[in-house]
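The following pair of complexes shares a single chain, subunit A, combined with subunit B in the former and subunit C in the latter.
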Partner chain A sequence: MAVSLLATIGVIALCTICSLDASLAQAEGHKLVITGSSTMAPLVAEIGKRFETGHPGVRIDVQTGGSSRGIADVINGVADIGMASRALKSQEQHLHGSVIAQDGITIILHRSNPIRELTDDQIRAIYTGGVTHWNQVGGPDAPITVVNKAEGRSTLELFLDYFQVSNRDIHPHVVIGDNEQGIKTVAGNPHAIGYVSIGTAQYDATHGIPIRLLPLQHIPATIETVREGTFPLSRPLTLVTKSPPAGLIKTFIDFARSSQVNDLILKQYFLPLQG
Partner chain B sequence: MISSLNNISSRSKGDFLLSWSVRLLALMAGGLLLLVVSFLIHESWPALRDIGLARFFHDPDWSPIDESYRLTAMIWGTLLATAGAILLSAPLGILSAIFCHFYAPPLLSRGYRRMVELLAGIPSVVFGFWGLVVLVPIIGRWHPPGTSLLAGILILTLMIIPTIMLVAHASIAHVPIAYIHSASALGFSRGSLIWHVVIPTTKVGLFTGILLGLARALGETMAVLMVCGNVVQTPSHLFDPIRTLTANIALEMSYALADHRAALFVSGLLLMGLVVLIVSLAEGLRHRNFHVPAK
Partner chain C sequence: MSRQNRYLQESGTTAIIWIAATLVAVPFFCLMGDLLWNGLNHLSFSFVFSAPQNAGREGGIGPILISTLFILGVCMGVALPMGLGTALFLAEYTRHDHVPGRLIRGSLDVLAGVPSIVFGLFGNALFCQTFGLGFSILSGGLTLACMVLPILIRTVEESFRAISNEQRLSAAALGLSKPTTIRTILFPAAMPGLLVGVILGLGRAIAETAALIFTSGYVDRMPESLMDSGRSLAVHIYDLAMNVAGGNPHAYATALILVSLLFIINFSSSRMAARWMSFNQLPA
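Up next is the complex of A and B:
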């Protein structure tokens, strides 16, 4: 009896798998798989939804997993398009990248902190433990709380790259996951220093959260300076493909770069290509 | 256990269907656990094979980019946070259940219990958020940076008090009324009734409550991720930030690739092993020390 029961279940399972396969095959050619940066995923998912309404029968499937996964998936052919919240590295030049928006990273302090500007060297010293009290850089006599990002985040990668330090040399007091957690941590600690996306930080700072965005190399951290490309700590949000985009992939990338999606980009606090 | 398999008086079709579907469901429930464990082993196998279990304890630190995978600091973090939370919440939970039963006026007792039940239903991310914006700044004013082992212990305590209190409450309610009447007839004071009759007869129930709380504390992720600071280090005092195994998985999983990803699954496997170890230790203790009262 048990055998026949198992057999029945087996047959049902097989049938389900077969029919799934069939429906997958049917949808092929009208489905784009996009994986990668969790910074970009919400934006690309919104763009995908708008694209789907204009192109009936097309499905855009967006999955996160970090910029490195996006690149790896494109190389392995698992995804049609990868999302990388950074420029392509030198060993990735055989891939094709199309920038769809800009994002900047800003150093943030609590608003009650009297410090208005820090040099790159001072920030590096704070993060590597050379400076441990605010009075060493002209602030109040209080220990500095260093807020760092968790490993694998592209924000961390960009930060380390810009300041030329290794994550091992950083001795943080708090390690955070996403931008909002970082902002809440700094907003709740008058002696903290952290770094997050400018879009999110500027939005929160203008909506009553007690944080201050520090300028870098005398250039103020604002959406405008990132868009002009003058702010030093910024990154392009890039769609990556294995070969030069063609067909449906090209249509989608052109759509994502067009002014038709500017409102979606601004809603996520990123900066569109055209003003 | 009563078996209805050989009961010739009810060989009806309905009975047959029921007995097989119940068996199938039981098999699925048990199979699910095996499936989870085998999935964990399957996913962590690349790391166990290429990196080797020993390196998870002897590498210099946790730094997956540099292929260094030491987990001990996070194991300590998990154990210390859980132990601290149990030490605080077990007496609080049990004493408040006793208060509800023997000291509080009925109206207060009912209201209090409803509140604790509500507390049990609050999602952990809400606890974490409250901890991040209220508790951490308070501790930070006292001893910066505030995100610390202490914050984790306090949040976990709040989260598991309801579990321990409600289970204790239910088992106290099941103390045979004859015991209480006899004790009263013998002239026991309320204090010695609780201490010498109620607690000994409910030992198993109280212990089960603590075990459930323990399991919840071990597995809790979001709340501790938000208040503990997540710095990978073995804490030397209560105000040091820590990272737990669960927080490590949640922080890094979505960005992990290849060996790093497999290493995170190893930490999941380790956590599972930790739970099994603690539960079976506790089971052993329970069987050795506790007299189960006859019903």
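Up next is the complex of A and C:
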């Protein structure tokens, strides 16, 4: 008992010393802690690395955990900046959101499929099993292969949220993970339907991969309509702060919104603010 | 007839035991095969030592490997002395039915079954926020130590208990003090059990993601001190496989490094234990 008691005291003493050390380090104000959306974390980490090279002595620490955690951490003061891969909700309007990029989701079919447009109700019926053959929605006489996203993907959540369906009601034939995997699945199956990030899909479609991006509510699925905010199935990638950005926080957010990071945003398959 | 029955019974038992052991080995070899098949061609010297780029799709895992070693170091540096102390208390300084001992043992058994995400949230609340350590290698290592301690203590305690009492009585009859008895007689005898505890604990620690993502964090920069946030190999694999489009190839390669690291640590800890034993046994 004495041994473990001593060890416990030792650990607590160590922690106290280190916490003093930590508060000293934070007092210098050269470190930004950013937490939140796992969708945004890889992108913001890359932006942080580029920011650090231009600002010696500054450190950008990016942590993940989900959009709601990012918002909670900003409110509690645990994080300087939160990441939310959605717009701020009405009850979050006391916070300050700065959009750094856009993400959109498009329905994709094989290019040989003659269908040019599906209504939201038709897509919902296909995914929940009400429509099982393409001829029920004006296509060829062939069974539909439903490609769904794997559990835990934010694309899936956004899709479910937009079409107001529960994942339990979807009986997919293929479950995919990454955007690229979804595109390869649909490109290899003339009767498949899937949904992926617009940036990746548009890139592949213009580079010879046989897929077609379907419009939603008559609005074409393109980077431009997402950027304009007219495409219905899209979301802003938002940096959230408790008070209006100032000092180093403002410098970083301005940098993340500038064209200096466009290539980083495109590399993570999101859409930058400026063309 | 009866001889034939006996023969059938014996060969039947042998066959069942062989099949069971083979079935247990199959998943391991499938997994290793999959890792080698998908990961080996991405593995290189520069992959192990350079920094990750483009969210881990390019570059290597150098800083992540170092962070992992730091986290494991903190974890074992804290867990080993505390675990040994508590195991000795439970096995050598209290009777088996001693009330405080039973309480400690019972709480350890419950702790051993707590899901790792609970340890992660606990570590985030206690070490990162209450102690003010923030997202840091120290927070992560201490959280892992909390997680590893139950396994370590219970294994080591059992190996002390397995030593026959005659050895303790003989030592006492020879006039050896209790610390000397523990160091020269009980410790070497319990060493194989201690080793099993360390290896099981390290295995749990090195594979951990949920307990670390909220404590040691996600930063993939080269750590400069234990107060820096550092991403572990397992968190990196999880992120590449689940969060980064096109991250699979490097996820496989990183997993291969993780498994190799586990092999190296297990091998060297058994070598260290063997050396320690050859130094500390009483001369015959």
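Everything below uses one rule, namely that the second predicted complex is superposed on the first by the 182 of 275 C-alpha atoms of A that agree within 3 Å, B and C clash if a C-alpha of one lies under 4 Å from a C-alpha of the other, contacts with A are read in each partner's own complex, and residues count from 1 in each chain.
Everything that follows uses one rule, which is that a contact is a pair of C-beta atoms (placed from the backbone, for glycine too) under 8 Å apart; a residue touches a chain by one contact, two chains touch by 3 or more.
Nothing here was measured: the structure is a model prediction, and the numbers come from that model.
Chemist: Thinking of the overlay built on chain A, is A:S38 touched by subunit B (first), by subunit C (second), by both, or by neither?
Modeler: both
Chemist: State whether A:Q136 touches subunit B only (first), subunit C only (second), both chains, or neither.
Modeler: neither
Chemist: Decide which partner touches more residues of subunit A, taking subunit B and subunit C as the two options.
Modeler: Between subunit B and subunit C, C touches the greater number of residues in subunit A.
Chemist: Regarding the shared-chain residue A:A72, is it in contact with subunit B (first), subunit C (second), both, or neither?
Modeler: first
Chemist: Could you tell me if A:V174 is touching subunit B, subunit C, both of them or neither one (first, second, both, neither)?
Modeler: first
Chemist: Is A:S258 touching anything from subunit B or subunit C once the two structures are fitted on A? First, second, both or neither.
Modeler: Neither subunit B nor subunit C is touched by A:S258.
Chemist: Between subunit B (first) and subunit C (second), which does A:T145 come into contact with in this model arrangement: first, second, both, or neither?
Modeler: first
Chemist: Could you say whether A:N189 touches subunit B, subunit C, both of them, or neither, answering first, second, both or neither?
Modeler: first
Chemist: Looking at the overlay, what does A:V62 touch: subunit B (first), subunit C (second), both, or neither?
Modeler: Touch partner of A:V62: subunit C, not subunit B.
Chemist: Answer with first, second, both or neither: which of subunit B and subunit C does A:T200 touch in the superposed model?
Modeler: Only subunit C is touched by A:T200; subunit B is not.
Chemist: Subunit A residues touched by both subunit B and subunit C?
Modeler: The answer is residues 1, 38, 64-65, 152, 177 of subunit A.
Chemist: In their shared complex, at which residues does subunit C touch subunit A?
Modeler: 54-56, 78, 81-82, 84-86, 88-89, 93, 100, 127, 129, 131-136, 138, 142, 213-214, 217-221, 226-227, 229, 239, 241-248
Chemist: Could you pull out which subunit B residues touch subunit A in their complex?
Modeler: Those residues of subunit B that touch subunit A are 20, 24, 61, 63-66, 132-133, 136-137, 140, 144-147, 225-226, 229-232, 241, 243, 250-252, 254-257, 260.
Chemist: Report the residues of subunit A in contact with subunit C in the complex, numbered from low to high.
Modeler: My answer: residues 1, 3-4, 6-8, 11, 15-16, 18-19, 21-23, 25-26, 33, 38-39, 41-43, 45-46, 49, 59, 61-65, 78, 152, 177-180, 197, 200, 267-269.
Chemist: For a test of understanding, state which residues of subunit A touch subunit B in their complex under the given definition.
Modeler: Touch residues, subunit A against subunit B: 1, 5, 38, 64-66, 68-69, 72, 142-143, 145, 150-153, 167-168, 172-177, 181, 184-185, 188-189, 191-192.
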